[in-house]
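Scrolling down, you'll hit the structures one after another.
Same chain, two partners: subunit A is paired with subunit B first, then with subunit C.
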Partner chain A sequence: MPTITYIQPDGAELTLDASPETSVMRAAVNAGVPGIVGECGGQAMCATCHVYVSPNSLEGLPEINDEEDEMLECTSAPRDPERSRLGCQISCGPRASLVVEVPAGQV
Partner chain B sequence: MTAAEAETTAPTAEWVRIEDLYENPYPIYRRLREESPVAWVPAVGRYLVTSFEACHRIEQDAETFSANEEGSLMKRSMGHSMLRKDDPDHQTDRAAYGPVLRPKAIKETWTAAFEKNAEKYLEEFRAKGPGADLHLGFAAPFAAENLREIMGFRNAAQEDLQRWSQTMIDGTGNYADDPEVWAKAAASSAEVDAAIDELVPVLKAEPDASLLSAVVNAGMPIEAIRANMKMTIGGGLNEPRDVLGTAVWALLSHSDQLAQVLAEPALWATAFEEAVRWVAPIGMYPRQTTREVEIGGATLPAGARLGVVLGAANRDPEQFENPEAFDINREKKPHLAFGGGAHFCAGTWVARTSVAQVALPKLFAGLPGLRLTDRPAREGGWVFRGMLELPVAWN
Partner chain C sequence: MTGQDKAPGHVVVVGAGQAGVQLVDSLRAGGYRGRLTLLSRESERPYQRPPLSKDFVVGGRDAEPLRLRGESFFEDVGVGARWGVSAVAIDRSGQRVRTSAGDWMTYDALVLATGADSRGLGIPGEHLAGVHRLRTLDDARDASGGLESARQVVVVGAGFIGLEFAAGARARGLDVTVVSPTARPLRRSVTPAVSAYLTERQELDGVRFELSEGVAALSGGDDDAGRVAAVVLTSGRTLPADLVVVGVGVTPASALAAEAGVAIEGDGGIAVDGSLRTSDSAIFAIGDCASFPSLHAGRRMRLESVQNATDHARHAAAVLLGQDPGPYAELPWFWSHQGKVKLQIAGLSRPGVSTVLRGDPASGKFSVFAFDDGELVSVESVNSPADHLAARRLLAAGAALSPDEAADLAFDLKAYSRAAPVPA
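Then we have the complex of A and B:
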């Protein structure tokens, strides 16, 4: 099974097994990963599952659609032009692993 | 004792009275949370859930905790809207709302309307002179006119939306089965139906940016349009009105925090979030269990009717330090005032923008020396909670 690794602002890392279609947000919320809130349950409506994707994991992710784009303008931590994504909009897909950094705040 | 009570291990809280909840629910919530965060409360005919953890769990598990409640008074008052549906039916309705209430549309279309309306009602309020009631004199017409424009009711006035909203909400809460309450709710419901029927062909021929246009042109069936528009009238007016009143009252009662906000405009958003946490405008909403489930230390049978008490979850000391205090400097943590999961409030960004970005800064800039008066402000309610009267003075 593919894995998703969450790196906290203090450097602490947690790696979870996740099916290819399980979102970065859902895997985190189910496992109680700190710093990923996911309040709207994955509708790209609340901007509380913001992550910075590690540079090595960026390739092959789906394009940012209009809804995600507008929500990324509403995040609590600053948007990174390359690496910011909503965790509810990305998953491992065909890749073996995905690494994301959790921002300092979601609200 | 009903079957549902017989099979539960949740304690019964016979001491809870509706009139006390209405007056000030917070001491009651505190005791419930401490004694049992899931308790059968005969006065309201529900298990009240009062801890943050249990409320949050319910929001994230729609399969066990269904929104599609049997015998729902909301369904009777407003029809079967998405608020009382589970996915996938809920999602079908919700998708039809499209981008109308999302941040981009708010920025491009609605913020200008919020600014125009804030100025209009601020001018009218100023003309009333010091001592006027900010709740009825500003917050209510401002919220109602914003909602009227977003929904697209060009054939109604903001006063109509206020009347429709209150009478249909009263129906939703008509546990006493008062025939007069039902009559008023039915009259408003018929007025909304007539207004929608008149607009449907117009918006089909010429779509616009409004919510009604979005659902009509998404092909939503007419019964669903009617129910969802009524839900939105009920759920889109009191909430921004009440968080606005609560935020003003709280800031005027805490002059140090007000000084902070006035010196640092980015803190309007913080004050808004703290106000909505401190007094959640929707304090309780219903759910019904689909199976036997253990929650909050109690076992509930299938079919149990729950009250998810956001007003209590938002003051849970396990989640918030010194939770009873209004404090814009508290550690930032998620609250549940907008709900969570599939039913996360669709109007969240409308409320944040219209209240925190537009109304609050304009009020404090346009009414210098804004302050409370000798006549005390009053608040009330628990299912819906907000100011009843907010007399203010200015220089």
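Then we have the complex of A and C:
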């Protein structure tokens, strides 16, 4: 099974098994990863599952659609032009692993 | 700094929805070290309700619920969670709660996060097989499972739940009719422009509407009298139906409080003050069940939303921790997702508001800004999350915005809202 690794602001890492279609937000909420809230239930409505994708994991992710783009403009932690995504909009897909950094704040 | 010495020794929380779960989380995150008990009448681990009328409808019976917290969260943070155990009585003078398991639990502070129950129609045939409500995960599993063999779906009620379910059922290719006694959908929730847009989009997708029309009865079939086969309208017409969803609002679950003599408001909610404290200073009420003084509405009200539940919970936790957060003042916001339409609402509309449009509904992206006597009170955004988030900042800050600025697409709303003072 593919894995998703979450790196906390203090450097602590947690790696979870996740099916290819399980979103970064859903896997994190189900496992209780600190710092990923997912308050709207994955509707790209609340921007509380903001993550920074590690540079090596960026390739092959689905493109950012207009809704996600607008929500990313309004995240609590600053947007990174290359690496910011909403966790509810990305999953491992065909890749073996995905690494994301959790920002310092969501709400 | 927290006043840990002032924090109560044992906090009992009744209800494990969005409010109750956020409360125990915020208490522990805020450094509360006392005893913490969570009573949940459902044996199901806490889950998110918003997807139940949205993704869940399309996903079918086997759709996975989204949990509010991870499997081991309650154990990890030291919450004594009792699943499938409800509170059945409060002995206020003894500061104890009797549970459905038969025992009494004493408390230093009691938090009622009991939520709300879906309202029924009170008409014949309401309990036939194939008639569903949508409140709990079990409700949603039943309804979604029923859609697998249904062909003709009737949704009674044109509120958010009804419209979301209608869009989901239609996306599964079913024949869907929405029946509502109101002349327009979401009459209590959104302005006429947004109501009209949502109705038109659903009609374009093939959903039919029977508006200004009531339901007199639900009737069984000729070959199976125990299963719904038709919806009888008050006008006398009959709609064939093999699945009916009733989404006609909720009543706050305030009976436990009422029976204990805790003050209840005219809206049925448990009366609380700006600290979310009830008429009994050791008892709090948060989320859907609480009738609270809203600074944004300028009156007492009840709200049913994730935002209201979680913000109430964070506020009550701060009060319990002795942090003196001042009166509750969070800005209400809401969202709904119907087919391809994403609606986000910031603030509270009022009767008699004047509205301006930002953007063109024909483009599928627009917002309605509502002003009361020149003051911005609410913004409804369709597929325009940037407008929504700007509106949230402006409304929370109480920043001035003129109708002309709101309507002018050349006016940089985002930049202006970012410059708005951050509320204390």
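By our rule, the second predicted complex is superposed on the first by the 107 of 107 C-alpha atoms of A that agree within 3 Å, B and C clash if a C-alpha of one lies under 4 Å from a C-alpha of the other, contacts with A are read in each partner's own complex, and residues count from 1 in each chain.
Heads up, the rule we're going with is that a residue touches a chain if its C-beta (ideal position, glycine included) is under 8 Å from a C-beta of that chain, and two chains touch if they have at least 3 such contacts.
Quantities reported herein were computed from a predicted structural model and do not represent experimental measurements.
With both structures placed on the common chain, the touch criterion links A:G32 to subunit C but leaves subunit B unconnected.
Look at A:G41: by the touch rule set out above, it reaches both subunit B and subunit C. Of the two partner chains, neither subunit B nor subunit C is touched by A:E13. When the two complexes are overlaid on their common chain A, residue A:E73 makes contact with subunit B and with subunit C alike. On subunit A, the surface touched by subunit B in one complex and the surface touched by subunit C in the other have residues 29, 39-41, 43, 45-46, 67, 70-71, 73-74 in common.
Here subunit C touches subunit A in the complex through residues 48, 50-51, 54-55, 66-73, 76, 306-307, 310, 335, 337, 342, 344, 383-386, 389, 414, going by the rule given at the top.
Remark: subunit A residues 29, 37, 39-41, 43, 45-46, 48, 66-67, 70-71, 73-74, 76, 105-107 touch subunit B in the complex.
Interface of subunit A with subunit C (complex): residues 26, 29-33, 38-47, 67, 70-71, 73-74. Subunit B makes touch with subunit A in their complex at residues 59-60, 94, 99, 102-104, 273, 332-335, 338, 340-342, 344, 346, 348-349.
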